[in-house]
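Below, chain A partners chain B and then partners chain C, in two separate complexes.
Up next, the complex of A and B:
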């Protein structure tokens, strides 16, 4: 069953110097229980998509296109109906766990307040919070619940925000850069916690990351973003084994285990998107056509698609 | 924590002693003989010229011929060992303790009344402005704060008297005793700090509302009211607390001009009249009390952070 279906999502931010086109014609869909990875470099518009789904973009954002969640259209949903979905049906693992925790609130309360606000007694809420801490491996949970966020390490804060996201068995969890700034060990733990959640709740996970290693381990599907648009989408195995877009190939070559080969150049400014293929300037196999004609995302089969005039054959 | 408390209290005592010494020696540095000044203010018929015998008599009575540092150590040892602030030269040997305790009550009452206005008006309106950022109501309130910051308080005091006492006949012009007496001086004193606190609360609140934990609280599905009360307000008020402490300290220090305009028998009035009459023990003691209250208020504010902000735990 299709849980989330995004069609032609465009997000623009008007600024003093011009319009930033942060997300362009993004379309993808997710089935229940599936993990989709949005990968790409910083500034490729990954997080904007996640924030557009849960409607946390700043008020000046101009959003067009459709986001259908469980049959409901989110872009036109009334504020209180959207409010009812947040935390219960769609939840977020925020990008910066340290800044996302209220410094004056005990760790247990950061989780517990969700239950208390919905009418649960304080004791019960506290117990449920402790159970969730155990779920994400924060032990001894009673003691950690009584502490404050500043007493936790970065990896522990990450697990705390993850436990908040799974508090109400949401159907869709948006994890925004869950391994950003974590050391190898904390990254491993986060990956394990996320995959356990996936098994436990049969929730769908939208994993926004530039950590390809994490994406390879967790994702069923991968969408590769470049300059705000999807350049390649497909099953994770296919993307990692037989990438078709030159950018996807370059990303995979840049992984440490594949030799850490850097990609020259920079992605284009989101305020001045080139007419042709966005990647043409950095592409080793571009033709004249590439700099003139914008390639479409060609869906060749059910197994995804690629936005390239000269894709590698699979 | 205990070490921190002891250290802070030690500094507090040292600061008070230093302030008293400064006040004492500076009064002696002012031109003119103390004894002559005291005589002018106390003996009928000597307003213009003081006879040498009378001056000599006063000098020997209060040991004014001793070296200054001996006079000071006498006064200080009285304070430390007997809790005695000495006797007034002017008020017929009344103990300074009595004079100050009479003046302290009115000053504290006025300070608390003004502080209540600052808190009850400044904080909620600041919050309101932050939530309604750049809407007409916010602009109007902010415009009003600029006016109240710009007008000097003595001018506002006179205008308040003009409007509420003389024109509308609602409140007494000046004096002390009935609850109605406190309204105008408290308002005149509170206007400026209220405006400043309002603006700081607004800024702090806007900054807090932009924090990621507020965005995440929305993502958690918490209601706006819950987020405002349980996250935004608590965090936004932390920096405001220091400002409130400073203002309360200032108000407790007595406000010479406002006490004068409203004939409020507080410590500011006592201080000014004693400076005028060279009543050195009273002046020095007033300074000690004012400095002590200011320091204690700020000390209490600093300690309260220990309980309010878990990130601050004194070692």
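Up next, the complex of A and C:
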């Protein structure tokens, strides 16, 4: 069953110097229990998509397109109804776990207040919070619950914010850069925690990351973003084994295990998007057509598509 | 939930175990470093106890007039001497402490609560709500506080309740303004946004997240302000607009005693020193609190 279906999502931010087109014609859908990874470099519009789904973009953002969650159109939903979904049906694992925890609330209460707000008695809420801490491996949970966020390490805070997001068995969990600023060891545990949570709740996970290692281990599907648009989408195995877009290939070559080959150049400014292919300037196999004509995302099969005039054949 | 433990034993072995070391006693350590602050706390404690138990501690009935003993100097029978009606100045002073502290703390507390609520709402919602509330605050702050209270008292008449109302009305706006600024500065921080993302309602975000994180500077201001309010109460009573006759109060003691300044200066000096002493204590406390709770030298690495 399709849980989330996004069609032609465009997000523009009007600024003094011009319009920033942060997300362009993004379309994808997710089934229940699936993990979809949005990967791309910094500034490729990954987080904007996540925030558009849960409607946290600033009020000046101009959003067009449709976001259907569980058959419900989110872009036109009333504020009250949308707020009722947050935390209960859709939750977000925030980008910066250290800043996302109230410094004056005990760790247990950071989770527990969600239960209290839904009418659970304080003692029961505290016990449920401790159980959740155990779930994400924060042990001894009783003691950690009584402490404050500043007494935890970065990786532990990350797991604490994750436990807040899964407190109410949301159908869709949006994890925005869950491994940002974590060392290899903490990244590995984060990956394990996320995948085990996914198994437990049969929740769908939208993983927003530039950590390809994490994406490879966790995702069923991958959408590669470049300059605000999806350049390639497909099953994770296909993306990693037989990438078709030159940009995807470059990303995979840049992974440490594949030789850490850097990609020259910079992605175009989201305020002045080129007429042709956005990647043409950095592409090794571009032709004249590439700098004139914008490629469409060609869906060849159910197995995804690629936005390139000269895709590598699989 | 407990049977749903899903982290496998092998994963759990990889997770770091929380080391048991915490520095919860930072507040105590900061206070321990400041002997001046400790003395002020001690003096405040004594002052509060004396004020609460004033009727039991005072050696004489503060109302008992004994004209034959009037204007006596300091003696073992009358620690601070007697006033122009022969009342014991020590008893009057400590009963006056009760009046002053009670009025000051009630009006500051009411002003604090009201101002914080208004400031929190204005800062969090912004827009029209903020405009309307902030213009009200600006309007009130345009008057010097004591003149505004004076005008209100002239309109409503003297009396303890009216005095509290007048001072509260002239003071709440400063708390509202400070609270509004605090709330605006923290409402876009990630933890407030996260609370919102978790689906918590505005009411809970304001009470549980904005309020506790924004309140410290406002509390420091309130501590400093208690001294200021005690001064205002004394000033208004001195002018005959505050406490009705018959209730011991430092300002009205000075007002009545000023006729005898040359012949019996203790009438004025004793309550005057009492006011100075109390206001100084509160100022030192406020400044000490500001240093101790100063966020800028905070070692906590959050955010």
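The definition used in the following text is that the second predicted complex is superposed on the first by the 314 of 314 C-alpha atoms of A that agree within 3 Å, B and C clash if a C-alpha of one lies under 4 Å from a C-alpha of the other, contacts with A are read in each partner's own complex, and residues count from 1 in each chain.
We adopt the following convention: a contact is a pair of C-beta atoms (placed from the backbone, for glycine too) under 8 Å apart; a residue touches a chain by one contact, two chains touch by 3 or more.
Just so it is clear, the model here is predicted, and its values are computed rather than measured.
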Margin query: Quick check on the superposition: with chain A as the shared anchor, is it clash or fit for chain B versus chain C?
Written below: clash
Next item on the list: Please tell me which partner, chain B or chain C, touches more residues of chain A.
Entry: C
Check: Once the shared chain is lined up, is A:144 touching chain B (first), chain C (second), both, or neither of them?
Finding: second
Next item on the list: Please work out whether A:36 is in contact with chain B alone, chain C alone, both, or neither, and reply first, second, both or neither.
Entry: neither
Margin query: Which partner chains sit in contact with A:131 here, chain B, chain C, both or neither? Use first/second/both/neither.
Written below: second
Note to self: Looking at A:164 after the superposition, I want to know if it touches chain B, chain C, both of them or none. Which is it: first, second, both, neither?
What the structure shows: both
Margin query: Which partner chains sit in contact with A:200 here, chain B, chain C, both or neither? Use first/second/both/neither.
Written below: second
Next item on the list: Please write out, lowest number first, the residues of chain A touched by both chain B and chain C across the two complexes.
Entry: 54, 56, 83-88, 91-92, 94, 96, 99-105, 113-114, 117, 150, 161, 164
Notebook entry, point to check: Inside the complex, what are the residues of chain A that reach chain B?
Noted result: 54, 56, 83-88, 91-92, 94, 96, 99-105, 113-114, 117, 148, 150, 161, 164, 168
Checklist line | Complex interface listing, chain C residues touching chain A | finding: 1-2, 4-8, 11-12, 14-18, 20, 22, 189-201, 204, 208-209, 212-213, 300-303
Checklist line | Complex interface listing, chain A residues touching chain C | finding: 54, 56, 83-88, 91-92, 94-96, 98-105, 113-114, 117, 128, 131-132, 134-140, 143-144, 147, 149-153, 155-156, 159, 161, 164-165, 167, 185, 188-189, 192-193, 196-197, 199-200
Checklist line | Of chain B, residues touching chain A in the complex | finding: 211-213, 215-223, 226, 230-231, 234-235, 308-311
